[in-house]
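Heads up, the next two complexes both have subunit A, just with different partners, subunit B and then subunit C.
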Partner chain A sequence: MNFFETIFKYIGDTYTDRLSYFPTNIRVSLLIILFCIVAMVELYIYILFKRASKNREEKQIKYWKEHIDNMLANVVIYDESDDTDEIIAHFYPKIKKMPLRNPIVNNILTTEILTYHKNFTGKVPEVLAVLFHKLDLDKKSRKKINNKNWETKIEGIREANEMEITDMAEEIVKYTDDENGLLRMEAQAAYIKLSPSNPFHFLDRAQERILDWHQVVLFEIITKNKKLAIPSFSKWLRSPNDTVVMLCLKLIDHFMQFDAAEEVQRLLKHHNPKIVKKSINIIGKLELEDAEKHMFGVYFDHPDEIKLEILNSIGKISSGNYAEFLSSRIYSADTKIKMEAMYAIKNDPDDGENKLKEIFKQTTAENRTLIKHVLDNRIKP
Partner chain B sequence: MSKILIAEDEVLMLKALEFKLKKDGYQVDVASDGRQAMDKVKSETYDLILTDIMMPFVGGMEILSYIKNDPLKKSTPVLLISAVGLENVVLEGFSLGADDFIYKPFNLNELSVRIKRYIKQNVF
Partner chain C sequence: MKEFLATFEILFNNAIFYYAMVVMASYVMLTLLSAIEMNGYMKKNSYLNYREILVSPLAPSVSVLAPAYNEEATIIDNIRSLLSLHYGNYEVIIINDGSTDSTFRRMFDYYQLEKVDFAVDYQIGCNDVRGVYKSKLPSFSKLTVVDKLNGGKSDALNAGINVAAKDLLLCIDVDCIVQEDAILKLAKPYLEEKYQVIATGGVVRIANSCKVEDGKLVEVNMPKNLWPRFQVLEYIRAFLMGRMAWSRLNGLLIISGAMGLFDKSVVIKVGGYDHNTVGEDMELVVRMRRYMYEQDRRFKVVYIPDPLCWTEAPADLSILGRQRNRWTRGNLETLWAHKDLFFNPRYGILGMLSYPYWLFFEWLAPIMEFLGLSVFIILVIMGNVNLEFSLILMSMVYFFSVTLSTVAILFEEMSYQQYTKGTDLIKLLLAAFLEPILYHPLTIFWAVQGNIQKLLGKNSWGAMTRKGFKENKIPIKTEQTTTT
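On to the complex of A and B.
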């Protein structure tokens, strides 16, 4: 009798043959124990396989990473004086020999090309862009953009953005108003860079909010991209999307777009106080004298925060047309409004400082203290 | 043969820089984080140090500060690599004694020429 026969006989004698004589609770317990043992063995086998496959994958990643690292580092340091075609002809066959259908190889190669493309100038990005295209990695990016998973979509959009694959702009534009905020942001940022003819088209169709932090990102992209043809942002000031209006106001402010003056004045009656406040701020910065009467017209309809902005803008315009109005404001109950009005009077080109000194002689003790403060040029408003 | 230390936490960039400078005929030592770089700076003498500003454990500015405060090492040219060209960072770097700033993205050949110039200056 061999080893296994001995074990089976033991199990048979102890359990199987006697199973029918055991009470029900013992039988159930034995079945549960049996189930647990089988489950545990299965689990061990599963973990073992997983570990083995992970180890194999890690080895593969390490091997291919080393190989691709060396290959691309050689591409990057290739002599700049050489022709791009010559460099491509030298390296393309070598890279093509790699198993590019293997997702590990494909991912490493894509990531490394993107990294080098981002970090170097000169011939390197040009060579890498040609390689990216010749190796059909752009097709992979296109597939990623059309994937169901939003994270994969973002990955594809980032690749298209970094490698400047302009013909993907039309595929990306549909995500610029996606309900997923991260995807939307990535698509908008990429679209600005990739759309050659109409990079701000996404603003026409934006119904979803452009979040505040995303506005900062877009602002940076738009203002730092020197290749971008900057349109007049006033055409989006009638957008039903308040966040689009806000972003455009920030851009009008940055690019000092005087042609937007009329539209900005119209926004003084906007329902959103943040937009009203920003419009007033722009009117002040652009010193739009024509808008003074409109600001004066809405002054009493607004809360103190906007009143302060109006006084500040009147001060910046400093036309002297509203000197009396400003003088009356120094008797406001709010100290901040008093101060802002005093600074506005001080800015009056028609000897504002002397006007304040005149007021100083006749006004209240509190106002006199404030005027002293305002007239002290060492203190910045 | 001039000896250069490259401190850069992005492995890929480190490799490209290492390959390029070796191709240019330098003896190259590499560090993939700030701590490693600091250890090497303390124990070895280099003709030039090329370091990233943002690195784990010890930043490029700390390495720069250490070198420029050491009487024996302060003549070693230090070139800082940075992805951000923020005015205050640049000012801090120069005030600590950095010899040059390299902003990402950069041209490898331009970097190579700059390094050559600093090493020449330091030799004569």
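On to the complex of A and C.
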């Protein structure tokens, strides 16, 4: 018997005849060893198989992407005067010849049509919209929107959004308050684009939170869409959903909606400190002089973070009504408050810097260091 | 005597067996949790467009803090790389921690720095700042250089925190290669979690043998040297399995010293980095967590599986040993400083799960392994050991360890697949077989050595050098992994 035969015989005996005679811990150990070896072999096969299939798939994707890209690139050469039906009649049979039942080909075709539709203006998106419809890809998108799986729903919503299929807005609106955050965000983003008559209807019914991330996305969509009719966002400032209020405040800030002034001032008494802080910030940006007394009235009731924002806003308004208050704040025990008060004094367009220089002559050594910092324009506040 | 030895052997075998069982069960649990977390993350993030944060004025503002000590060889490229990160609202603060070479002079000349009248608000303790500098060139307006007296990494970071003007702090090692979209990805959890996020970390990878151009990684390769290759495997296991699982449980105790994004307000509230430990990265996270519990505030510490930072791993055994020795001392110091957390229900998952796990399985495991091996050798010498049973027990641990590494490689393949070459994959799979025999015993030795040195009162970082991506000798400040 050679070495390997001896080993195999030993292993065989260990797992058969001798197994029952071992103590429990050794038996368990032997079973774990066996399990690990089987698991390892399976994992190796799976990893190698996965690698091979991924490589194959990548090759296929590369081939079809190139092919479809070349075809769609030809659509770009047509101009406004060309007849859409003629263009479609030229391309449709060629596309139909492709193995559209192959999910890879179908996905690439859909993605490429969406990309071209998004990146071109004029005739191209019009032709692609007709092509999308003629290839029944819109029906697939609708099917996806009604799928059980949230990922598929998102795909469908994105397709409808990119291809601007407005008649899907009613199907999408139900997801704008879905408990799945990603689906909710995607639906809200699409709804704004697909419902030109009432794009912000979802804000009326929003009970779920619009997370900060969703606010970033919605903010980008709303502020970059030139076609969108922008309403007065103050009407949602009484929403029971704090995240709706926050989003609207950010939009009021961006669009400088002065008509919201009264509602924004009301929010100084809001229960949510983030909303109070943002309201104060807007008051400063809109330079609402009337609101200064309200901010001053609540100054001492708030934590430092809000106090800093109030000082900043008073500085932006620069009415001069609270100059003494600002000067008194530079003797606060908190360095940040001191510095913010100094910046507020400096903000006075008339002679802010001179005022600070005057204070510099009479104040403490610590304050002098801070004033130097504030007056140094190379340092951004 | 013979009877006593026989009884001792049985007890010893059982003790090792049951301890191994508990450790292995915990690893299996962590693997499952990590798989769930990874799957969720990958699914969710395939639908996201990070460009929106990049351009948005609503994105959180970030101060990048990078301490530099004697980095003259690479500092210019490092800063250039940090200034070209893909993010809108951020500043870069380089803290020259009293370098004795020409690090500061090089920065001063290249970036045309000038001293500004910056009033440093010493909210947290650090050595004196000699000056704060800004560039005269508008194209480098994001850059601030802080020149201070030498005080070590923690002290330099604290100085940077005192100067930082933004809401979040990205604390990094200046010589790491940071992925361009790192801030985007690390900042996102701050915008999407229901609870306040106090820290986020991403995966740190090994850059040995990788191709680096202008401070950017252009080609990923498996390290040619065997020791860094083992560390590749170790890092994949620690980050993709261990930390993702703890992130799922919201029980993470460590965010990489090489790269972590922190909520500045909480960092300041807890007093910044601790100067008195060599494991400052872990200690800070533990202190931030316990502060949040004490304030009764709901919070999260998040880990993301994206490879965001590449670092050069020690290829020399003596340097590697010093690094691991320091990690062990750092762990021990943190565990000792926060010993009141142990099974303390007031601190939720931190006290009831994370801390005990760290104590029993991260700190104690190498000591148990060392003791087990030592007793085994003594019993063999005395002839009082059942060799067959002992070998079966060891084989069980060996095969479990290889299987765990193979699962980690599977995670890597299913997620970011950084090693695209077939040969690299095979090298990694082979490393999984060799690691428990060649590399793991060394890590046990260094861990035990670290414990002994800590007991003897050693507190230094230990001098370390590495080759650098351009064959330059630069200091090493690498990442701490767990043994998972």
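In the analysis below, the second predicted complex is superposed on the first by the 247 of 381 C-alpha atoms of A that agree within 3 Å, B and C clash if a C-alpha of one lies under 4 Å from a C-alpha of the other, contacts with A are read in each partner's own complex, and residues count from 1 in each chain.
The definition used in the following text is that a contact is a pair of C-beta atoms (placed from the backbone, for glycine too) under 8 Å apart; a residue touches a chain by one contact, two chains touch by 3 or more.
Only a predicted model underlies this, so the values are computations on that prediction, with no experimental measurement involved.
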> First (subunit B), second (subunit C), both or neither: which does A:69 touch?
Replying inline: first
> Of the partners subunit B and subunit C, which touch A:102 in the superposed model: first, second, both, neither?
Replying inline: neither
> More subunit A residues touched by subunit B or by subunit C?
Replying inline: C
>> If we overlay the two complexes on their shared chain A, which of subunit B and subunit C does A:120 touch? Say first, second, both or neither.
In response: first
> Now for A:112: first (subunit B), second (subunit C), both, or neither, which partner does it touch?
Replying inline: first
> Now for A:272: first (subunit B), second (subunit C), both, or neither, which partner does it touch?
Replying inline: neither
> A:51 contacts which: subunit B (first), subunit C (second), both, neither?
Replying inline: second
>> I'd like to know which partner A:364 touches here: subunit B for first, subunit C for second, both or neither.
In response: neither
> Looking at the overlay, what does A:219 touch: subunit B (first), subunit C (second), both, or neither?
Replying inline: second
> Residues of subunit B touching subunit A in their complex?
Replying inline: 10-13, 15-16, 18-20, 23, 104-110
> Which part of subunit A faces subunit B closely enough to touch in the complex?
Replying inline: 69-70, 72-74, 76-77, 80, 112, 115-116, 118-122, 124-125
>> Which residues of subunit A touch subunit C once you look at their complex with the stated criterion?
In response: 22-23, 25-26, 28-30, 32-33, 36-37, 39-40, 43-44, 46-47, 50-51, 151, 154, 181-182, 186, 209, 211-213, 215-217, 219-220, 250, 254, 335-336, 339, 369-370, 372-373, 375-376, 378-381
>> Going by the contact rule set out above, which residues of subunit C touch subunit A in the complex?
In response: 13-14, 17-18, 21, 24, 43-44, 47, 52-53, 55-59, 114, 116-119, 121, 123, 134, 165, 188, 190-192, 194, 389, 392-393, 395-396, 399-400, 402-403, 406-407, 409-410, 413-414, 422, 425, 429
